[in-house]
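Both of the next two complexes hold chain A, though its partner changes from chain B to chain C.
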Partner chain A sequence: MLEARDMMVFYENMVGLNNVSLSCDVNRIVGVFGANSAGKSTLMYVLSGIMLDIRKKELMAGGERISVFGSITYFGQDITNLKPSQRARKGIVLCPERRRIFTESSVLENLKIGGYQAPKARFRETLDYVFSLFPDLGKLKKRTGGFLSGGEQQMLAIGRALMAQPTFLLLDEPLLGLSPRIQANLMRATKDICETRGISVIITEQYARPVLPIVDYAYILENGSAVLEGSGQEMMNNEDVRAAYFGM
Partner chain B sequence: MNRGHEYRKERLDRGIKVRSDGLYSLMSWRELSYLTLPRLILICGLLLLPVIVPGMYWQRVISIVCIYALLALSFDFLAYHLGLVCLGGAFFLGTGGYITAVLNATFGLPPVLSIPIAAIAGGLICTLLLLPCIPLRGVYFAIVTLMYPLFFDRLIVALDVLGGTDGIMGIESFPGSQAQYYVPILLVLVCLFGMRRLVNTDMGLMFRAVRDNDQAVRASGININIYKAIGVFIASAMGCLSGACLVHIYMWAGISLLALDFSILPIAATVIGGSGTLVGPVLGCFILVPISELLRAFGTLRIVFYALILVAFIVVRSEGLMVYAQRKYHQFERWVKV
Partner chain C sequence: MDIIVYGIINSVSLALMALGFALIYGISRVANFAHGALYVISGFMVWSFLNTAGLNYFFSILAAMVVVGVVGALIYQFVLIRVRGMPVSEIIASYAIGLAILEGFRWWGFKGMTYTLPVFVEGGMQVMQVSVDIHRILVVVIGGAIVGVLWLFTHYTRIGLALRGMAQDERAAMMLGIDSDRMAVVSMAFGAMLAGIAAVLLLPLGNITVDAGYNVLILAIAVCVVGGLGSWMGAVLASFLIGFAQILTEVYWGAQYQMVVALLAIILTLVLRPSGIFGRQKALEERV
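The block that comes next holds the complex of A and B.
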C-alpha cells in the first residue's frame, strides 16, 4: 500500500502541489487526471523520489528552491526521505514522461538495463512476459531504441519499468502523442499488468477518456490541488469531469 | 491539516530592485545608487588596484590577471551565450601574441597600432581556422579548439618559423609603466561592459537562441552559422587582444604563449566566478591568479593546493560566486508558515 499524505511542494514561491493526499492499494489502477501544470508530474516525482534529486541539483546550481512537505508511507514504512534508487528496489518504479529510453541501445539492451537488479530467473520470466505483452517489441529486439516509433518507444519504456520488478508502477503520461489505436493497445496492456502480475499502477494523463474505463479510483488535480476524487464509475458519470477531461 | 509547526524559506525580490527596474530608478538617489554602486565599486576598484598593491611584482601580477580575465570573458561568452565550449584560449592568445610580435619586431609598428591590428587580424584568422568546425556542437568543437594550440606549437618548433623555440625577441614595451598597468585594466573594463551591452541586444538574443535550440532558430529562417561565426570572431578577437597585451608586457613572444595554462585557467575562473554572468569570470581570475602566485611558496605542491581549492569550490558552491552574490543582492529570504 502506497500512501502520500498532505503533500505540499513549492517551486520557489509557486505552489506545485497543494495538500494532495493519494493512496493506492495493492492490485489497483489509480488514475490522476489534470491539465498541463496541474501538478501531475510533480506528484509522480514526489512518489518516485526523483524530486529529492531535482531539489539537490537545483540547490547545487543555485537554481530555484524546492520545498517538499508531507509524508509518504509504503506498507506502513515511512519512505519520505528515501532515495529514488532505494524506492525502486523496494518496488516503486517510475516510467517517466516522454519515455526517456536509452536511444543508443537496442531494445533488448534497454530491457536488460531495467532488469539489472532482478535475479536471473525473474529476469527471464519478466522478459518473456514483456514480449508477450507487446508482441511488436519481440520483432524488434535488435533495433536501436532511437529508431523506434513513438508507440514502440512507449512500450519499451513500460517494458523497462516492468523489468525492474515493480510492486507499484508509476506511469507518467504514457499516452503522450500516440495514435488512438496505440493508446487503446497500451491501456489493455496496463490492465493486463495489473490483473495478471498483481502490480498496482498509478497513471497520469490529461485526456481521461482512454484511461478512465480501466481505473479503479481516480483523482482530479487542478492547479496543484486535488479537487475531486472517486471511483472510476463515479468519475464517468460526473458532468464536470466529462466536460473538462473527456472533450465532450 | 494543521501545519502550524512547518516553515519554509521564501525568496522574494527586494523592493528596491523592483523599484529600480524601470525608468523609476531615476526617482531617488537611493534607487540610483542601488543600480550604480556595484558597477562603480568594480570600476574604481580595478582602476585603483595598481596604486594599492605593493611593489612592481604585484603590479605585474595585476596585469597578468587582466590578461586571464579577457580570456575568461571570451570563454564565458562562447560557452554560455553561444553554446560553444572552447578549450583553445591559448590558441587565441598565441595568435594575437605572434601577430603583434611580428608587426612590432619586424615591421616596427608601435604598440598603439600593433595591438588593435593583432586583435582584429587575429580574430579573423582564428575565425577562418575554426570555420569548418563551427557547425559542430559540444565535444567536437571543444576537441578541435584544444588541438589547435598543440598543432601550432609543434609546427613552430618543427619548421623553426616565428623564432622557433627561442621565440621573437626585441619587442617594444608599453610606453611607460603607467600605460602597462592601465591598458589591460581599461581593456578588461571596456570588454566587460561592451559584452554585457552586446548580450542584451537583439544579436545577443540571437546568440542565446542558437545556444538553446539551433533547430528552432533554423526553422525561423535564420542561418545559425553566420551568428556562430560572428560570436567566435568577437570572442577570438578578445583572446587575441589579451595575447597582444601579454607580448608587449613580456617584450617577448614564444611557444609558451600556446601553453595549456591559458586554456584551462580561464575555464576554472569561469566556474568559480559564476558562469554566464560575464562579471563572474573576471572576478574568478582576480581570485585564482593571485592565489596561484601566493602558492609559489609551496614549490611543486602548488598545483596540489590549487586543485584542492578548485575542487572544494565546485563541490561546495558549484553555482559560482557571482550568481550567489547577485541573488543575495537582489533578493531576500524569510521564513514563512506553510
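The block that comes next holds the complex of A and C.
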C-alpha cells in the first residue's frame, strides 16, 4: 500500500502540488489525469523521491527554492525522506516521462542496468517476461537504445523499470507521442503487468481515453489540486469529465 | 620504424595517464583536477613502501594502489560531494586539493634525483629492428590489458553496467535503485587507482617529481578534450593521435616542443570540433 498524504510542493512561490492525497492498493491500476502543468510529473517525482534529488541539486546550485510538505507511507512505513535509490530497492520504481532510456547502450544492456538490484534468478525470469511482453524488443537486443523508434523506446523504458523488480510501478506519461496502435499495445501490456505479476501501476496521462478502461481508480489534477477522484466507471459516467478530459 | 614503435609506446602511456581522468569524468561528471597529484602520490607511496618500509616491490605497488584508491574515495566523500553539480566549483575544489598535495610535497623538500622507482625487468630487446627496453614493452602490454579489462568490466559486470548507466543519465539510474553518490565514490576510487597504475608503470622510466603531476594533468586533459569528454574509446583514440604527433615533433623538430603539441591539440579541438572526436552523438537524441 502506497499512500501520499497532503502533499504540497512549491517551486519558489508557485504551487506545484496543492494538498494532494493519493493512495494505491496492492494489485491495482490507478490513473492520474490532467493537462500540462497540472502537477502529474511533480506527483511522480514526489512519490519516487526524485524530488528530493532535484531539491538538493537546486539548493546546491543556488537555483530554484523547492519546498515539499506532506508524508508518504509505504505499507505503513514512513518513506518521506528516503532517497530515490532506497525507494527503488523497496519496490517503488519510476518509469520517467520522455522515457530517458540509456541511449548509448544496447537494448539488452539497458535491461541489464535496470536489473541492477535484482537477485540472479529473478533477473533471468524477469528478462524472459519482458521479452514475452514485448516480443519486438527481443528482435532488437543488440540495437543501440537511441536508434529505437519512440514506441520501442517506451517499451524498453517499461521493461527496464520491470527489471528493477517493482511492487509499485510509476508510469509517467507512457503514451506521449505514440500512435494509437502502440498506445493500445502498451495498455494491454500494463494490464498484463498488473494481472500476471501482481504489480500495482500508477499511470499518468494527459489524454485519458486509452488509459481509462484499464484503471481501477482515477484522480484528476487541475493546477496542482486533485479536483476529482473516483473509480474508472464513475469517471466514465461523469459528463463534465468526459467533455474536459476524455474528448468524448 | 623508430617512430612507429616509440609512437605506440608513447600513445599507450598517454592513454594510461588519461584513463583515470576520463573514467571519473565519464561517470560522475566531475573533472578531477587532482588527477596529477594522485599520480605523484602513488609514485611516492610505492617509493616509500619500498625504501622506508622495506616491503618487496610487488606488495608496495599493491599497497599503494589500495591507499590511493581510498584517498580518491575520501576526496569525493568529504570534499567533492559538497559541490556536486557545480562544474566550476568541482574544478576549483579538486584543483585546490591537487595543488595542496603537490606543493606540499615541494615544500617538504621532495625534489632531485633520489626518488626513482626500479624498472620491473632490466634489459632490452629488438622489436622490428628497434632496440626497446623491456619495461617499455611491459607498459604497452599492461596498458593494452587495462583498456581491455576496463572494457569488459563496463560491459559485462553489474557494477560496471551501473556505472555506465549513471554516466548516461544519473537520475534515470537512481530510479532503478542505483545509488549515485556511492557509484561516484566507486568511480573516484577506480579513477585514482588508474592514476596509480599509470604512475607505477611510467615513473620507473624517469624520476618522481612534483612537476610530473602537472604534466600528467595537462596531458590527461588534452587527451580527454580531443577524444571528447566522457568518451573512453575517444580517449584511447586521442592518445594515439597525440602520442604519434608528439613523437613526430620530437623526431623532426625537437623534444622541447612535446608539451606544445598537447596544448595545441586542445586549442585546435576547441576551435574545430568542441565536442571532441567522440563527443555526445546528436544522432542518438531522444525521438518522439
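A few comments on the model shown:
Throughout what follows, the second predicted complex is superposed on the first by the 248 of 248 C-alpha atoms of A that agree within 3 Å, B and C clash if a C-alpha of one lies under 4 Å from a C-alpha of the other, contacts with A are read in each partner's own complex, and residues count from 1 in each chain.
FYI, contacts are C-beta pairs under 8 Å (C-beta built on N, C-alpha and C of every residue); 3 or more make two chains touch, one makes a residue touch a chain.
These figures come from a predicted structure and were not determined experimentally.
Because the two structures share chain A, they can be overlaid on it, and in that overlay chain B clashes with chain C. Contacts of A:Phe69 after superposition on the shared chain: chain B is touched, whereas chain C is not. Legend: residue contacts after superposition of the two complexes on their common chain; A:Asp192 is shown touching neither chain B nor chain C. With both structures placed on the common chain, the touch criterion links A:Ala61 to chain B and to chain C. Counting the residues of chain A touched by each of chain B and chain C gives the higher count for C.
Residue contacts after overlaying the shared chain place A:Glu222 against neither chain B nor chain C. By the touch criterion defined above, A:Thr103 lies against chain C but remains apart from chain B after alignment on the C-alpha atoms of chain A. In the superposition on chain A, A:Gln153 makes contact with chain C only, while chain B stays out of contact range. Counting contacts as defined above, chain A residues 60-61 meet chain B in one complex and chain C in the other. Across the complex, chain A meets chain B through its residues 6, 8, 10, 12-13, 19, 60-63, 65, 67, 69. Chain A contributes residues 48, 50, 53, 57, 60-61, 83-86, 88-89, 93-96, 98-105, 109, 112-114, 116-117, 144-150, 153, 160-161, 163-164, 176-177 to its touches with chain C in the complex.
Note for the complex: chain B touches chain A at residues 1, 3, 6, 8-12, 317-320, 323-324, 327, 338. Interface of chain C with chain A (complex): residues 82-86, 155, 158, 161-162, 164-165, 168-169, 171-180, 281, 283-288.
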